[in-house]
Amino acid sequence: MSTPPIDQAHDAGHDEPVDENLPARDDLFANPGLEEHHWRPTDVDPKAEKRAERQVAALFALSALCTIGLLVAYVTIDSDDTVGDLGAQNLAFGLLLAGALLGIGIGIIQWARKLMADVEMVEYRHSAASSEEDRAATVQALADGLEESGIGRRPLVRNSLLGAVGLLGLPAIVFLRDLGPTNAQVVKNPPFIGSGLEHTVWKKGMRVVRDVVGTPIKASDLQIGDLVNAEPEALFNGGEDGEPLEGVALQVAKSKGAVVVVRMQPDEITPGKGRENWTVDGIICYSKICTHVGCPISLYERTTHHLLCPCHQSTFDLADSARVVFGPAARPLPQLALEVDSEGYLTAQADFDEPVGPSYWERG
Amino acid sequence: MRLLNRSAGRLSRHRRGPLAGMLVIIAGLLLTGGIFTALVNTTASADETVSSADQVAQGRQLFLVSCSFCHGQNGEGVRTEDGNQIGPPLAGVGAAAVDFQVGTGRMPMVQPGAQVPSKPESFTDEETAALAAYVASLGPGPAIPDESDYSIEGLSDSEREQAIANGGQIFLTNCTACHNFEGSGGAMPRGGYAPNLHSTSARHIYEAMLTGPQNMPNFANGNLSPEEKRDVIAYLYSLREMPSYGGFGLGGLGPVPEGLAAWLLGIGGLVGFAVWIAAHTTRTNKKKVEA
Amino acid sequence: MDTSKVANSNTTTAATAKKPSRAAAAATWADERLGLAGMAKKNLRKVFPDHWSFMLGEIALWSFVVLLLTGVFLTLWFTPSMGEVQYNGTYEQLRGIHMSEAFASTLRISFDVRGGLLMRQMHHWAAMLFVASMMVHLLRVFFTGAYRKPRELNWVIGSLLLLLGTLEGFTGYSLPDDLLSGTGIRAADGFIKASPVVGSYMSFFLFGGEFPGESIIPRLYTIHVLLIPGLLLALIAAHMLLLVYHKHTQWPGPGRTEKNVVGYPMLPVYAAKAGGFFFIVFGVTAFLGGLLSINPVWKYGPYDPSKVTAGSQPDWYMGWPDGALRIMPGIETHLWGYTISWNVMLPILVLPIAAFAFVMMLPFIDAWITGDKREHHLLERPRNAPTRTALMVALMTMYGLFWIAGGNDIIAIKLHSSINAITYFLRGAVFIGPVIAFIITRRWCISLQRKDNDTLLHGYETGIIMRSAEGGYSERHLPLPGTRAYTLTARERDPALNGGPNGHGTDANGVPAPGTGRLAGFQHRVRTLWWADNVQKPTVAELEEGHHHAEHEHELQESTDGHAADGHQFDGHHLVEDETLRGH
């Protein structure tokens, strides 16, 4: 069907009343007007009306019962009580509160639907805009005010005011400066050991210990296929007088120092350039912090040597310098150079040679 | 008639296919295995006391029938010509690995692959024990753990509480990454998955940690001490016994099912209410009698 | 208009002079001090049209009230601090473990405050419903064209509400300091660090030093309970005021025009329905909170930067940017010693901001394309604006595909498929899917328009099969009742575009032809495409021809008219009270 040109101009914005029985725009049919009102059974039948009234009251009564039940449940149900294998307290509170609220809600709505007057009413609209006169008067008032202020005539006053007020925005930003130190400041005055994005608590000779328990790992104890979620020993003795780290120091150290140690057949490893001596007998160690956005990763597939991040599925090949084989990460996981100390325990040769965790602008 | 002919032709074409031979052999093996199982079943129950030498011998018989196709006549493993491993060598995997793999129905497997689903076991407990004894005789490896290894029965109340709390931390550090925070399982690369632990028995959990089945890394005793393994199991069991305080758990899979419930039940229900609220009630043709 | 059919009063009894009631006395007392009668006079009986789809925004409003109520309850016990404490509460599995005060107090609310767990769960469910209902409301407003002049600014306010609601949800998700929320904050740190130039500075300022520091929870708390709720309240007030000022839109129908609004008065019917709906929303939230466990923080345990769980997901409303993040290939540029992380920046910083800006600008984009400067108070059926409908369906499809990507690990285990395969599929699907959805929706709408015209011209299908004397069968069509026919045609014709890209003057619809600006040619092309292929309602001539044809058929069939057996008094167009089909 072709688009026929429209036969009537739009009349929006006009305020004169329109006879609504005439086709206003290009209505094919005259507006038949509101449909005749039909009564509800509750309007004409006193029995139905009574029934509806009882129904609504019953809903309110049900709500009241639930509320009383809720109060009773509050003092009688213990947090250890169960219904099946569900916690009884939360279940009872939730369902009784729901009953109390829904009883009122459904009751009120039933009241409105069945008993309140339901004749539709008509209200007339006005254009959202004010009348022409009002607008003209307002514009005039505005112009007068501006004129009297002389803001247009006195650019010096106006511009200096704008400059002064604009400048006030600066303190609003500048005063937020002490929200935190910058990376450079943290590196200069380290609040904890291993502070700064480029550093961790790892250093030469630090033992690799098991997470949670803090026991050192003997190279000979690990079997092919073992995965150890490990931490730097400093977490457990890096505080004052060899105390474990605590609080923020612990959290910061952990969030950068966590590593995974795996053991595979030595011949399965393709050592990275200059990393030939970073493994001990097939034992290899990488940062546990994903280079994508920093989730800790330890979903290790023993046979493929792939490590998967549960947050965004970046997959790294641990046999091949933790190269990214899949997913959104762009950089391999940093590798920690391992050696064994005189007692046969795994230790670090040095800190990571690159920042761990997600990329940032200055990272290079 | 022609239809019949054509379908017959299609069938025989498949019969000549490269996989057909393999399928026939597998079917044959399963059949003989099944018959053998049925026979052995009766003999085993007839004689309760089987000496360990007999057990190894019985295990070898079972092995030859059900396992040697992939693992080799003497458990030396089988490689295809292009070097793919069909079944790994079994010397040194120990009885624990056999008890886990066969006891959870993972072995014998239906088809080779990294992901081996658990299924109803094909062997009775005695047969599994015999197979384990035979494989253990191939080389030293982890033995089947004893109940005392993974039970916290003997501990005092406070020790037990401590074991559970400690186990929780070890579980959350080493296991949840794959198996999820309440052991509901999770996805792994290329279609793999870490299975759900909700109904795995304590012994099998222990054996899995000990031997690292399939793609799972090991948590051998040099990695995670026997007490730590016990604690992890104690924590998992405490989760099972714990009532679901907040109501139905939605599968314990985190925010995805929660979001689904919010949309389907929450928004769905509320839109239903809205439709009801705005719906017109029944009307009548009767006129109102003005009082 | 015919006012005899329109009630000016809504009472069921005749208005008679009565003694001033107690309510009247109270009103007088208040008015003598506040002088509100002038305003209340207009608004107490303000008319609101009744339609289920007009109540979707109400769900959002009421769930926000539930959030305020339950939220205040939670603040009475919650400690927004990252100070380290050793837990010694009721929950045995974590006894003796070191954790932040925030997490310890969350456990306390869950296990030691009776009803605390319920309030926490209700708060969380209400938050999910709040954002979800805002989105459903947004879709309703868009699909019906209710965002058009004069309501564009209310659309902008609504979009801001959606944005703030999402941020409010994210900050709330982060407060308990459990494993999942901490993982979320850590990822957010990664997002911030990916911003060019200022990334690491912003991260250090936000966290008060290096991640995780000890400031983030108290800071998020202030944002969560003060800053954003304050903004939300102010914007909700503005949203409602504009709604009252503009008066609600309505569906076209008999007696309903651009110049009026037909419905029930604020007092009592609308107030009762809205008030009742508040209790229903509250009740449904309580039902969900009582029956379904949400965010069982005790199982996640306290946040620890070295722990993570499979299925680490944000709440559903953050799922789509997270999905984009998951399927984005790992691209990073290193230039002169600086790093640009496209793999993080594009999906999580650029995409959501661009998408939000686009959604917020939709009314203005629509007005620019159509050149329509008129006020609109009658809604349009989605089918009557095929391109607009198709545009939103395409956006929804894209959103849905990103959403699927955000749950790819759960989908992989539930459907036994490979995450890698799902990811590769979605990388293409997020681009192709919306295009397909757009085309299908548009053609679908146009077919529906065609069907409407068919019904108008040839009557509706009665389902009655007639056999002619010759033995042929045909289905009987009857002309639509007048009100239905009016409603169906109460829509505008799309303007004919007779002004060329550089033409002068206006087109037949009074819409000025695009000027000679740089974009004029482009605007004209888009405008042409916007209405291309739409089916217009029949002309008077077509209608008359159709009726003539129908009358002819009708004569042939009139022998059956008036027989109860033909059954079409039960066709939904007739009142059925006192009529029986089966004689009961």
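A, B and C are the chain letters, set down in written order, and residue numbers restart from 1 in every chain.
Keep this in mind: a contact is a pair of C-beta atoms (placed from the backbone, for glycine too) under 8 Å apart; a residue touches a chain by one contact, two chains touch by 3 or more.
Everything quoted here is computed from the prediction, not taken from an experiment.
Chemist: I want to compare two interfaces, B-C and A-B. Which one has more contacting C-beta pairs?
Modeler: Ranking B-C and A-B by C-beta contacts puts B-C first.
Chemist: On a CA-centroid basis, which chain has its centre farthest from subunit A's?
Modeler: B
Chemist: How big is the gap, in whole Å, between where the Cα atoms of subunit A centre and where those of subunit C centre?
Modeler: 20
Chemist: Please compute the C-alpha centroid of subunit B, do the same for subunit C, then give the distance between them in whole Å.
Modeler: Measuring from centre to centre gives 43 Å for this pair.
Chemist: Based only on mean CA positions, could you tell me how far subunit A sits from subunit B in angstrom?
Modeler: 34
Chemist: List, in ascending order, every residue of subunit A touching at least 2 other chains.
Modeler: 38, 43, 79, 87, 89-91, 94, 109, 118, 211, 229, 296-299, 310, 313, 326
Chemist: Check each residue of subunit B and list the ones that touch at least two other chains.
Modeler: 169, 173, 177-178, 186, 188-189, 194, 244-248, 277, 282-286, 288
Chemist: Which residues does subunit C have that touch at least 2 chains other than itself?
Modeler: Touching at least two other chains: 12, 111, 117, 121, 273, 276-277, 280-281, 284, 288-291, 304, 306-312, 408-409, 419-420, 575.
Chemist: Show me the residue ranges of subunit B that touch subunit A in the complex, using the header's touch definition.
Modeler: 114, 166, 169-170, 173-174, 177-178, 186, 188-189, 192, 194, 212, 214-224, 228, 243-248, 276-277, 281-289
Chemist: Quick one: in the complex, what on subunit C touches subunit B?
Modeler: Of all residues in subunit C, those touching subunit B are 12-14, 50-56, 58-59, 92-97, 110-111, 117, 121, 125, 128-129, 132-133, 136, 179-180, 273, 276-277, 280-281, 284-285, 288-296, 298-301, 304, 306-316, 319, 407-410, 412-413, 416-421, 575, 577-578.
Chemist: With touch defined as at the start, can you tell me which subunit A residues reach subunit B in the complex?
Modeler: 38-41, 43-45, 79-80, 82, 85-87, 89-91, 94, 109, 113-114, 118, 210-213, 217-218, 220-229, 262, 296-304, 306, 308, 310, 313, 315, 326
Chemist: Residues of subunit A touching subunit C in their complex?
Modeler: 1, 3-6, 9-10, 12-13, 18-21, 24-38, 43, 74, 79, 87, 89-95, 97-102, 104-109, 111-112, 116-125, 127-129, 176-177, 179-183, 186, 191, 195-197, 211, 229, 231, 246-248, 250-252, 254-255, 258, 288, 292-299, 310-314, 324, 326-331, 357-364
Chemist: If you look only at subunit B, which of its residues touch subunit C in the complex?
Modeler: Where subunit B meets subunit C, its residues are 161-162, 164-165, 168-169, 172-173, 176-182, 184-191, 193-194, 235, 238-239, 242, 244-250, 252-263, 265-267, 269-271, 273-275, 277-279, 282-286, 288, 290-291.
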